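These notes are about the structure you will find just below.
So that you can tell them apart, the chains are marked A, B, C, D and E in the order they are listed, and the count of residues begins at 1 in each.
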Amino acid sequence: MTNEQQPTKEPTNESPMAADGVKIETFQLTASPHLRQPESVSHIMMWVVIALLPSLAAGVVFFGPQALLLTVVSVLAAIVTEWAIVKFLKKSAAIGDFSAVVTGVLVAFNVSSTLPWWMAAIGSAFAIGVAKMTFGGLGANFINPALAGRAFLMAAYPSAMTRFSPTTFGSLSGIDGISSATPLAQFKAAMADGSFQALDFQDALSNLFLGNVGGCLGETSALALLAGGILLLYKRIIPLRIPLVYIGTVFLLSWIFNGTGAHFTSSAIIIPFYHILAGGLFLGAFFMATDMVTSPITPAGKIVFAAGCGVLTFLIRKFGGYPEGVSYSILLMNLFVPLIERSTRPKMYGKVKNRD
Amino acid sequence: MMNPISLIEISIGAIFINNFVLSRFLGLCPFFGVSKKVSSAAGMGMAVIFVMTIASSFSWVIFNYILHPYHIEYLRTIVFILVIAGLVQLVEMALQKYSPTLYESLGIFLPLITTNCAVLGVAIINTDLNQTTGSPYTFIESLLNGIMSGVGFSLALLLMAGIREKTEFSPVPKALEGLPIAFITAGLMALAFLGFSGLNFFPAVGG
Amino acid sequence: MMIGQEIKRGIIDENPILVLALGLCPSLAVSTSVQNGFGMGMAATFVLTCSNVIISLLRKVIPDKVRIPCFIVIIAMFVTIVQLVLKAYLPALDKQLGIFVPLIVVNCIILGRAEAYASRNNVFKSLIDGLVMGVGFTFALCILSVIREILGSNKLLGFKFVPGFQPMTVFILAPGGFFTIAFVMGVVRYIGNRKRGVRR
Amino acid sequence: MPIELLYPVIVVGSVGLFFGVGLAIASKKLQVYVNPRIAQILGLLPGANCGACGYPGCSGFAKAVAEGKTEASGSVCVPGGSKIAHAIADILGITADAVEPMMAVVHCNGGSDKALERSRYEGITDCHAAILIGNGSKICQDGCLGLGSCVRVCPFNAIHVTKEGVAVVDADKCTGCGKCVKVCPRKIISLIPKVHKIFLACSNHDRGAKVKKYCSVGCTACSLCVKATPSGAIIMENNLPVLDYAKEENFIPAAYKCPSRCFTDLVKTRSKANIDTKCNGCTACVAVCPVPGVISGEKDQRHVIDKDKCIGCGICLNACPLHAISMWGVGPLVKTTAGKR
Amino acid sequence: MPRRYTFNGGVHPPHSKSRTERLPIEVFPAPKKVIIPLSQHIGAPAKPVVKRGDRVLVGQVLGEPGGFVSSPVHSSVSGSVLSIGPYAHPMGRQIVSIEIENDEKNETIAFTASIKAWRDAAPQELVQQIQAAGVVGMGGAGFPTHVKLSPPSNKPIDILIINGAECEPFLTADHLLMLERTGDFIEGVLILKKILNAKKCFIGIEENKPDAVKKITSLLNDARLREIRLCTLIAKYPQGGEKQLIRAITGREVPSGGLPMDIGCVVQNVGTTVAVFDAVNRGIPLYERVVTVTGPAVGSPKNLLVRIGTPINFLLEACSFNQKSVRKIIMGGPMMGLALSDVNVPVIKTTSGLLAVDTTTPALRTYPCINCGHCIRACPINLVPSRIAKYIEKENYQAAEEWNVMDCMECGSCAYICPAKINLVHWMKLGKYHVQASRAAAAARK
């Protein structure tokens, strides 16, 4: 304040310090608790990245070095976008957390290995730049950035996004890596034209489990995804209820409405297994529906959310315009998260027996 | 004529696939204006469903019994808007007089809706189908389309309000605060709603 | 000089879409190509100017209580004229704009200007205001549609734009419309904030 | 043919007529009275929604005024001031009282360069939050915490916290709405009449010796200011002078007597007294001058004023029987007793 | 395997008790000067009854209770009253305190009021005795014990729970008290049981104190003590929270905004129980207590029997604390204790421990909230701390109140577990303050 003036008639006691030399220690003054557990947000993100590595390895095994290239490009694009925006906005937020890496890897995992690298970069940049940073960065977005990036690519380059390559290993049976169509697309086609043979699909299950099938590069190997998922479950980073309910819902629905008219024939039993192993359900259930930022924070809400994902996945797979329904169903359920959170507040201690 | 399958198809289409806000760009002003709180979004949603029902039924009657027989379809814009504005105002007055509580929760949104493209839009879409396709909407179908479009609008509005209540906590960059971030939110919602495209519960019937 | 200021006001300071956020529905729906955007802009400008003039002429006659319905009838009249003209002479554009031509009636810009300006000012001023606001609306529509046409179909006014660029179809779909207007608006605000010295 | 041309006319006309008549009847039958004054009053209010009036925002206030639940005097809507009060009074047909414009001042000047801290507060940047954790980090229990609760609550952007950590009110922007007064957990912000530019910038109630240990601008309760104000407008209460702005208008001598520099004077440069040739050397001015050595001169000779030492209090103006003293120099001397001559 | 009791939620901070849990309680000599604040409890401060210059004895009343929810304070040394005036209090404020210079004679008042035959005495008489002795809850809250022991007649108490959980890391004062004064402790429990006429009585001890469990179990084997049951609790924080303990042992839930007595329970801390024994059986008022002095910046941690009013820097020096490396001094445990800004503050009745820490707590948020929900899982009363904190940050106190911020007991589990290191408890405190302020304003308007 410029127009303020101290009366300076008789200057006294220039030193602000107490003259009698009393030493005053300055301790830190904070609110309790004075103990904090050591794990931080970047630890969590780092473990997610580690848990994604087996699937990346599977992707490289089945689709060749192109898979690695796409992942690296996608991660780099995510990091560079986040860095540029943080710089531009002059935010003090630390970029050291691994959240951009997670997003980058997940974007790459959700595209076909034949996608041109620059498309993956665009998807990654969109995921970080539009779906995440516009809302203020980590923790502020309402929709899963990686899935938003995939949906954006899906709408922007529909043909490139649905062109899949066979795996490097080739044929073991009818449904495998040879064909460029994804397992679910083949299933849908077979159901539509009536050529569905339970035996073909039964043989395919082991390929699906190991990952020797066409599809997005991160979703092929259910085994690798399961390994990563179990790691995250063990580290208590993701709650069991989301993958369990999600996969369970899809399993049940695809068993009940299996389209064969019976429930205990061999094909009727194979169909639900086929459904849960194919089409990135494990990737979605373990790594994307469990995204902390965009899934409900309340324990009951997580169940509602996961069940909703399961129902939508099933509906889109069975009746929708796409053979795969995982990414859209999670995106759609992301929109419902605030409403779910509102209506699933945990029951507070002492609330039941309130006197009035 | 009263094919239940086509009725379900109309509903699914109006709510999810051709959502008024997220795919047709109709009713954006109230969508962005009244989506800051879930409670007011719910009130607005009810009001929109109500007005859309009135609008689609009355406009169907007028179009099919007055404008169409006398070949003055080109007057529908002017007539529809008059009818809708007049009706809504009547309803609003009646509410204010006879049910102040309902007016408090619903009525305050009514003036916002009268001159809203979603409401006129549903009337015009209903009659547009009459003009272009061989099979015009029946009264029931038209009414259902009105109600379900309103439901679709309300769904989008509720989701938007929930998300905006949540992103209110977010440190959105200054230049994007307010409307721009709401647009981005709507864009991302529209992106997610693309997942519904091609949704068809009766492939054999719907084709 | 007054006119120059007015035009600046319409295009920049009080741009109906980018600053006042009015008339969002048509601006998002038809800005998929420059042709559509410009056509819509012109149609709206015509209705806006004409209705402003008529409303200004009648402002002392119209009773206050029923002014909104009266305004709407006047606007609807001009919209119907536009509709008939388009159908007769530009059927292709009419088809492209579709339902958004009749929906000009409920465009907030037109009713807003009628209520806020034409009903309070004289004919000449209202005429200028209608023109200026219409130009601003058209201008913003053109910006949006240029971006969306280039990104979404790699064309400008129907011609191929950048060789080798693969267009992103998402920009002619609904989400692309929302993203485009969000970022154009963000840039406008950013520049405005910079001018006023507001910190990011 | 002509009948077909008439169809549109008939249709539009009859629809218009139907709704016109219908609405006309409805508006008569269903009318609910809404006081048109509410909108008028709302249009006049500043629209800051500061809540100083005690109603939820300006619209709530407008409603209350229109319904006669509160008066519209400027003391209720402080940001609007008497100007708006008069305009509202015109609408309501009553006359409003003129209200003295007020401004908020922070009664603390003990920034980190002047007042000692006993610990490092690390937590939520909010004064209440700091109070809840060990009553803040300053040794002085009445000092400004400098965490800006008042800054955030100010609707007029009139408060900022200096880099030393003391809140300062910008007198030009302050409208005297009093929101900061309410929010300050230490209760060290108060409203003073805007014409008074001098206030006590300390709130410490400790005894002098104790204060000196931790704050160089803390009030030591030496009472020099009380002595410098003969009108009795300053009284010592609980080791702190209390200024009565209604009783006295000239606190300049008191402010310049303070050995701890506890007073803040918002006037940048005061005009200084000047003795003209009418002076007959009666020494009446010397007797009243609060600063020794400012006025010099032989008895019965023209006296002179040392412009460097003069504090511009203007007391001598009244004392001079010949009206030979006037105030010179830049800056107005706000509402001194000289005006009463 | 006996049943292990526990509650929902909570966290597992490291116990950090090994340095002091085997050290016997040492008597700390009375210092040259004690400062006895008149407010060491919840409720109205005591009113001083001595003047400057008066000579006082150990155990003499310095302040009479200022109301029903209040408690007297007693002198802890013999000597003369130096001054009565504001003095730094552990809470950070200046509180009227009585400063007494120790004349080293340690002359005590005659403890004649003891009720050795408490089994035949009327409960009211015992409660009066406890009130006169200035016994308050010694676990940290400082709620006057006689108030807890005088439930209104429409709220009969059927369960008495003795809180021996001591779930706060580092603290071992109650543990040692249970080990060293087991007999007195059990007798104190019996006194409390008689006063309340409780049908059942439980002693809850966390399983990380097996020696105390064993010793008390062996004592309880006595046929006459069959009505007291020992419950082994899972070692989890905040097992010793009153509401959590009731939930763990009885399965009952204290209603929101209510007290344990609403559901027929009374919980007393171990230190309080021993103080009750001292007051009733020996007539000794509460003028000293056991304090655990420990922490990484303390060279030789100890369990000390300290006179109330001893400035804490004496204790820290006696335990050779490292003045250079200390970053923070905490009164109480690390989870709910108060950070001190002044080492001259006195030990008060609720001081269960003193911690000198060489690390600072991350005080400001270093990451934004990522919605992980750990805080919800940790919250022992099922709140949504992250959401409430966001509301408070946006100054939406009404929403915070709707989300039950007032039920938060500030146990710190949420902030402990938070990977984003958000100061959740601080936000809760701020929110509670504002909600209380607005409630008071609303009440004033009425």
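The rule is short, and it goes like this: contacts are C-beta pairs under 8 Å (C-beta built on N, C-alpha and C of every residue); 3 or more make two chains touch, one makes a residue touch a chain.
These figures come from a predicted structure and were not determined experimentally.
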Suppose you hop from subunit C to any chain it touches, then on again the same way; how many hops at least until you reach subunit E? 2
Chain whose mean Cα position lies farthest from subunit B: E
For this structure, which two chains share the highest number of contact pairs? A-E
Quick one: subunit A and subunit C, Cα centre-to-centre, how many Å? 40
Using Cα averages as centroids, what's the distance between subunit A and subunit B in whole Å? 33
Expressed in whole Å, how far the mean CA point of subunit B lies from that of subunit C is 22
Subunit B to subunit D: how many Å between their CA centres? 52
Multi-partner residues of subunit D (at least 2 other chains): 16, 19, 23, 27, 118-119, 122-123, 129, 132-134, 137
Among the residues of subunit A, which ones contact at least 2 other chains? 26-31, 89, 130, 134, 136-137, 140, 152, 155, 341
For subunit C, write out the residues touching at least two other chains, lowest number first. 69, 73, 170, 173, 175-176, 179, 182, 200
The answer for subunit B against subunit E in the complex is residues 168-169, 171
Residue numbers on subunit D that touch subunit E, as the complex places them: 118-119, 122-124, 126, 128-129, 132-137, 141
What does subunit D use to touch subunit A in their complex? 109, 113-123, 129, 132-134, 137, 139, 162, 168, 170-171, 212-216, 255-261, 263-269, 291, 311
Which residues of subunit B touch subunit C in the complex? 22-29, 32, 74-78, 81-82, 85-86, 89, 115-117, 119-121, 124-125, 128, 173-176, 179-181, 183-184, 186-188, 190-191, 194
Interface residues, subunit A side, partner subunit C - complex: 89-90, 122, 130, 134, 152, 155-158
